[in-house]
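What follows is a pair of complexes built around chain A, which joins chain B in one and chain C in the other.
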Partner chain A sequence: MRAASRPSSGFLLILGLLLLWEISARSGWVDSPNWPPLSTVLAALGHDTWSGELPVLIGGTLWRMAAGLAFGGVAGVATGLLFATLPIASRLLGPTVELIRPIPIPAVIPPLVLFLGLDNTMKVTVVALTVFFPVLTNTVQGVRAVEADALAMGRTFGIGALRRAWNIVLPASLPYILAGFRVALALALVVTVVAEMIAGEQGVGHYLVMMQFAGRAPEMYATVLVLAVLGYALNRGFLAMERRTIHWYFALGRQSD
Partner chain B sequence: MICWTRCWPAMSRRLVAALPGLVVLALILAGLEVAVNAGWIRRALMPPPSAIGLVLWDLLESGEFAAPLLATMKLVFSGFVIGSAIGIAGGVAMGWFPAAYRLLEPLVELVRPIPKAALVPPLMLFLGIGETMKITSVSLAVLFPVLVNTLQGVRGVDRMMLDAARTHGWGTRHTLWHLVLPAALPFILAGMRISLGLALVLAVLAEMLSGQGGLGFLILDMQRSFLIRQMYAWLVILAVLGLALNTLFLLAERRALHWQPANRP
Partner chain C sequence: MDFLELDSVTKEFPNRSGPPARIMDRVSLSVREGEFMAVLGPSGCGKSTLLQMAAGLLPVTSGEVRIAGRRVTAPPPEAVYVFQQYTRSLLPWRTVRDNVAFAVEHRIGRRRARDAAETQLGQVGLAGFGDHFPWQLSGGMQQRVAIARALAAEPAMLLMDEPFSAVDALTRLDLQALILDIWTQRKLTVMLVTHDVDEAIYLADRIAMLTQHPTGVSRMVEVGLPRPRDPITTREAPRFLELRHDLLDTLLARHV
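And now, the complex of A and B:
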């Protein structure tokens, strides 16, 4: 989406909806403890932020997400390189991977709880599993898209297989790998929160469910707001990082969506 | 519908190609069986695959598997259809009418980054823990990828074709239905394929959090009751469902896009 042609009618719509929220809750059109006015939600957000409660929870969630992203990402890239360069590996292990891939990730949490308990290890593993598959798929695609000429030239200059992988294949497939990571990043945040919701007593996800049980609607909405901002910021941050890392890719006129 | 005589050689070739992988899978299961029986893995955590197979067979034979499976399938299906319909309609509207784009784009960009799983607790407050809440959660997760992809597809329609349609005096509705939608179909279907996986995730999560109905609830419930073999058996059923949905969608996609070069035989 282009940022240059920021329209005004859309912002008026959002402003109108927010106003409607505030007024409907204040004037008693919607008289329900589940429907606090926006100002109360923002006050709860401010309070929880100042008290330090929310920042600590967010820090924990982000930490688990980052650890899962790192483990799953490295495993995904390594497996992808292996699959793409050694066809026999993908022949042998491909079906197993394809059978595990479509299992909805929340369903994997109960068995993992048995093995790894409720805490960080389990959650990081769940996130790593989620991240693994999109990164793997994109890495394989990326390596297959490396120009044969570049590889042939490397061979002509007598560069060994490992150095070819590191200096030619990896940079050339980086745009694909990063695209996989971007998909994985959004999933990782969701899955971290999901894992915290289902098991254990850590992080933003658990807080969200607790506030729902306790009927503290303002805190609950405040948490959703925080997660929305977090999701947006992570995506924006990643896009900026991507543009810096593979600027040559964009310079060649290829675009990210 | 299916060309047995013509496709048979291709299918048998695919089967032979998949054979080594299936052998490895069988070896992994056999290794697990041995490891558990030898006591390397605790039985309480991972029963031998054969024991899980027996429980699975019981579930299948008694027909006990049908009701939860159908409940989850119904949930995924209704949420997927509703979310996709709204996503396609919204995407076409935003892609075709600049006014709709200006009006809705900021709202979409605002709501899209919310991890949809986080919306389940608020939805439970408003809609309770019944089907309405679950279907709404699934539709919300499906909606945005479909909408964004549809929008991209509609905006990417070849200008020449649009001009040609205008030259032939096609009206807006005719152009949308016979030119824009088919041209955007590959994008729409790609969005729907992403959404299908998300739909299953949200369905399972909603079932787990609401504590009733379907495969997601059963898996969590079996774990909490320490009925470990049952838990794995239900997990296998869910995995098969996921695999079946994925495969069916890929087949449907290939049929719908048979005119694309990549799908021609």
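And now, the complex of A and C:
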């Protein structure tokens, strides 16, 4: 019962805040052309959606984000497997990784623009870089956490190294890898939008900046709302996918509680 | 004929400061074909290390391990290792059926491996549990899954590392009876490591007693109890009690 009442009271608070927004703009508490009432923002949102403008922009943004996730994710898992299985690889490449990791990703956008231009290639690369590091770190952790007994079990049945990697190491480290992807997903949306805001004329990020320049506050807020919902939906979708893929991991967690 | 031979096997582990630690010094031991041998010793005496070397899972520093007359350098197809911790060796993302099939699917394909798995599950009393996940079963049932998986590979020999130490006392009696049945039916050779004196006497034809630091075989005891053995009356036989007294005496004297 308590678990059921908590999200609904949280939901009520959101409704309250949205209502406060509407009233504060309509009643003149906040008297500014940059603070349109929520209803105006929703109208702008409806208009931009029916006109097809916003869906196309969102589609482009999501596509770039997904491409970056795919490239960065595959590279992160592959490098992680390499680091965890070949000590020499982590000794050789580890320091470089540690040096690059702390760089705030938006800082590499200006130099990347010089090499890759303003369009998709640059943005997908930036997102891939963002995704690479958390996925790499978690993959290494995951592979190290694989039970030695499970690996020895594979050997006693004469199962070769590649098959052991695919059938034992990869599934066993999947909970860690997916946790890395969950972090990466949130970062990827942020970085995609930031990259669009900084460079080029693509996607939701660019539209947001344009609406700000044009002084079209309702459209600007509508875009922010869309991004909020998008981020929320992506995370919820990911969690649902995770629960299905590694249901056994959640079941084991419940047992040890 | 000897099926498994350990020929002056020595094991050293690298030591960070100083020379490598020699934990096993020229151990020689052989298990005859069809024999049930128990290896008995206190915790930490190197029983598992010995068993892993016999299984080809751990390299020897010097000396030689032979199974069916051939030198062991990698896990041989004739022998399968059964792990103490079934929770670690069973794969939680696979159903019980697919866990058992895992032992052979790389050789005979997934479909035939699943059929084989069903047969083996029936043998260990788990018919109908194929669709469960291991973590949905009790500890004793999980160890049965591990045994079914070992049997699916159709080995001539089982190398068992304290396979019943993680289950409760009654379940242990069940599993001991199961393993004796399987051993008899399939004419297997078994080497079972344990620290439980009663278990060693009840199951084995011969008992190898180990010493510590470095590990060596201190005594080789012929059990000499008739078969088939009975979980209640065998444990009351004068020979059982005599052996129990004798072996515990040795174990405790070395331990104090």
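Going forward, the second predicted complex is superposed on the first by the 242 of 257 C-alpha atoms of A that agree within 3 Å, B and C clash if a C-alpha of one lies under 4 Å from a C-alpha of the other, contacts with A are read in each partner's own complex, and residues count from 1 in each chain.
As a working rule, a contact is a pair of C-beta atoms (placed from the backbone, for glycine too) under 8 Å apart; a residue touches a chain by one contact, two chains touch by 3 or more.
It should be emphasised that the depicted structure is a prediction, and the values quoted were computed from it without experimental measurement.
Chemist: Look at where chain B and chain C land on chain A after superposing the complexes, then choose clash or fit.
Modeler: fit
Chemist: Is A:162 in contact with chain B, with chain C, with both, or with neither (first, second, both, neither)?
Modeler: It touches nothing on chain B or chain C.
Chemist: May I ask you to name which of chain B and chain C touches more residues of chain A?
Modeler: Larger number of chain A residues touched: B.
Chemist: Could you tell me the angle at the CA centre of chain A between the CA centres of chain B and chain C, given to the nearest 10 degrees?
Modeler: 90
Chemist: Applying the touch criterion given at the start, work out whether A:246 contacts chain B, chain C, both or neither, answering first, second, both or neither.
Modeler: Second partner only, chain C.
Chemist: Once the structures are superposed on A, label A:147 by its partner contacts, choosing first (chain B), second (chain C), both or neither.
Modeler: second
Chemist: So, A:171: does it touch chain B (first), chain C (second), both, or neither?
Modeler: Only chain C; A:171 stays clear of chain B.
Chemist: Just how close are chain B and chain C at their nearest CA atoms in the overlay, in Å?
Modeler: In the combined three-chain model, chain B comes within 13 Å of chain C at the C-alpha level.
Chemist: Show which residues of chain A lie in contact with chain C when the two form their complex.
Modeler: 147-150, 152-153, 155-160, 163, 167-168, 171-172, 174, 246, 248-249, 251-252, 255
Chemist: Enumerate the contact residues on chain B facing chain A in the complex.
Modeler: These residues of chain B touch chain A: 17-18, 20-22, 24-25, 28, 44-46, 99, 101-107, 109-111, 113-122, 124-126, 152, 197, 200-201, 203-205, 208-209, 215-216, 219-220, 222-223, 228, 231-232, 235, 238-239, 242-243, 245-246.
Chemist: Note which residues of chain C are touching chain A in the complex, please.
Modeler: 52, 55-57, 74-75, 77, 79-81, 83, 85, 88-89, 91-93, 102-104, 106-107, 133, 135-136, 153
Chemist: Please give the residue numbers of chain A that touch chain B in the complex, ascending.
Modeler: By the definition above, chain A touches chain B via 1, 6-11, 13-14, 17, 34, 91-96, 98-100, 102-108, 110-111, 113-115, 186, 189-190, 193-194, 197-198, 205, 208-209, 211-212, 217, 220-221, 223-224, 227-228, 231-232, 235, 257.
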